[in-house]
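A short write-up of the structure that comes next.
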Amino acid sequence: MATSMIIKKGLFVITGAMMLVILYLIFIWVPTEKNLGVSQRIFYFHVPIAWVGFLAFSFVLVGSVGYLWKRTSGWDRLAYSAAELGVLFTTLMLITGILWAKPVWGVWWTWDPRLTTSLILWLIYVAYLMLRAYSPKGDQGARYAAVLGIAGFIDVPLVYMSIVWWRTVHPQALIGPAATGELDPSMRLLLMISTLTFTLLFAYLLVDRVSLRRNEEEVEVLRGLIEPLR
Amino acid sequence: MTGFWPTVAAVVWKDIQAELRTKDIVISVLAFALLSLIIFNFALRPSPQLTPVVAPGVLWVAFTFAGVLGLTRTFVLEKEQGNLIGLLLTPTSREALYVGKMLGSLFFMLVAEAVLLPVFAVLFNISPFQPGLLLIILMATLGFAAIGTLFSAMAVNTRSREIVLPMLFLPIVVPIIIGAVVASGTALDGGPWSDMVRWFQLIAVFDVLALVFSAFAFEHVLQE
Amino acid sequence: MATDGEDTGGRQRGRSCQAEGMVEADANAPLAIEVKGLTKTYGPQVVLRDLDLDLAWGGFLIVFGPNGSGKTTLIKVLATISRPTRGEVRVAGFDMKSNPGAIRRNIGLVTHQPLLYDDLTALENLKFHGRMFGLTNLEERIEKAADLMGVSSYLGRKVSILSHGMQKRLSLARAVLHDPPILLLDEPETGLDQEALEMLGQMMVSGDRGRRTVLMATHSLEKGLALGNQVAILAGGKIAYHEDRALVDEAMFKDTYGHFTGIAS
């Protein structure tokens, strides 16, 4: 018990500190991009948030496969918690994307492959949360969600590769396996620091949510034991 | 264990028999799709130039929503009379049960689409009998049936199943819908096969993935 | 706790069935039903808690319990419809985790729901079930089962127009169509008229292979005590009491039942 408290507190402190650092770096330190201007700074939020969303959904995949295989509730807690965080981060990705689109493209939204597949991704995992809310409790609900958690993951590579396979107005990748452009070293550095920060944020939230979920389950069990005695 | 294909045949035959008696599924799918076509016509009010542009989209929206309706009904029938339990009690492979239900759904959807297509041709003033279009319809409907059967078996056990099935189904089949609409548009315009090939490939890959995944996941979804 | 004298039938039954070429009950399995440490939870709700139960071949066990005690859950687990959360279950000698298909061949289930397709005729329903079980001589078997349950003249009718009692009888015919050596019944006496109840009694004891093994769940003490040669009480998620019928006197049993379930009857 003590070790998980230490981990949680540690993550909280480190994440908090790094957030303050990157706020400074993003708004003050990094040079302004020459083509897109000041609005480009949102890039350092938008891209890491998007990646963390994908990361969250891969945790959902892992938890789902684990649950169907082993049927122990730890895997299910992981999948459910990661799905909640995935929806959170994907929502933020969409919002930051929309905020960036208006000054740069002149429109809030356009139906291009990258945006469309991203919206679909968001919908799939919102459906995951809805499924969990409406399914029978316990093993059955967990199983259904696990099947969806595995099926839905197919959209993640689709989103990532959409800007490679199809013509799109979304900027091409500047870093990573699908990169076609180049990033200034200071920008690349900041991007990596920002990604690390958001990943730490995700880790903190995930650990916290999973242990909270475990407590919630225990309370339910206790409540079930007490009810008949009332 | 009862053989795979005998099981599939028994399930498909049973669904067809039941459907012949009530014509429940085909009628509701047909009625819904027809209403969608008509409403779209009024909503979009396409000029003669605009009609060929919107036609493929309208057709596939109609097919998709009608498909969702049909898929819901195939499992509702089982659930209402407790027959899901009846199926579970048989010494058959769960994959065979999946294939049986899937083929049944596929058959009903194709029947409804076959009736709908001439109506569509009349309302939108186009000629639908192109091999490209027919092939697309077949492949896309297969994709719908493949993943829809799996999700329908889940949805039938949830609250608000009428909203759960579309919520699960529609985002996942979007690649099929996109491919079908674009390829249908090309086919209706009399465009070359080479333009349509990549969409056929996309839908074919999706179909295979959906069938394999659903067949294996079905087991996990059927138990209580 | 289970009676001993009845299980010689099991071995003979096993051997005569090999001749039919179907997967058969493991003839060397001493117990028809063997449950160890069965726990079943639905989310936070624990319905069955570390339940143990043994039933030898030829036994006719009545499980008593009030509504909500988990009788239906127990039957569903034994019927392989519900997977145990924890514990070991062997039916007809087959382990539930590794060989559920073989178990399904050897059991017949009767529940509240008729497990019939409303829009099909009685005959079509039976034919469907027969095919799903891969049965040979289907017409013959259907005739026999329908005869046994007195539904032969109704075979051509759609299930939806049959009376509730007829549907129940048809459901029973469906359950014995593949002549299973073990029957699981969940409150079968509800909805049956006197004649059908007698047929039920008949059907439960006479299979092709002699005595069937029966586990029947009910909350009706009178009806249950009138049948069966073993009694058990399901309370607190466990089998709290399991005894030979012959050793139990009605009044005493009612007291025992009240004691375990807190219900005066």
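Per-chain residue numbering starts at 1, and chain names A, B and C are given in the order in which the chains are listed.
Going forward, contacts are C-beta pairs under 8 Å (C-beta built on N, C-alpha and C of every residue); 3 or more make two chains touch, one makes a residue touch a chain.
Quick caveat, the model's predicted, so the values are computed rather than measured.
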item: Chain of greatest Cα-centre distance to chain B; value: C
item: Between the pairs A-C and B-C, the one where more C-beta pairs touch; value: B-C
item: Per-chain CA centroid nearest to the all-protein CA mean; value: B
item: Rounded Å distance, chain A centre to chain B centre (Cα mean); value: 32
item: Centre-to-centre distance between chain C and chain A (centres being mean Cα positions), rounded to whole Å; value: 50
item: Centroid distance [mean C-alpha coordinates] between chain C and chain B, Å; value: 39
item: For chain B, residues that touch 2 or more chains besides their own; value: 223-224
item: Multi-partner residues of chain A (at least 2 other chains); value: 136, 140
item: Multi-partner residues of chain C (each touching 2 or more other chains); value: 83
item: Interfacial residue positions of chain A with respect to chain C in the complex; value: 136-141, 217, 220-221, 223-224
item: Parts of chain B lying in touch with chain A, wherever the complex brings them together; value: 147, 150, 154, 157-160, 163-164, 167-168, 170-172, 174-175, 209, 213, 217, 220-221, 223-224
item: Residues of chain C touching chain A in the complex; value: 41-46, 83, 85
item: Interface residues, chain C side, partner chain B - complex; value: 23, 76, 79-83, 101-102, 104-105, 107, 109, 111-120, 124, 128-129, 131-134, 158
item: Residues of chain A touching chain B in the complex; value: 68, 116, 120, 123-124, 126-127, 130-131, 134-136, 140, 143-144, 146-148, 150-152, 154-155, 158
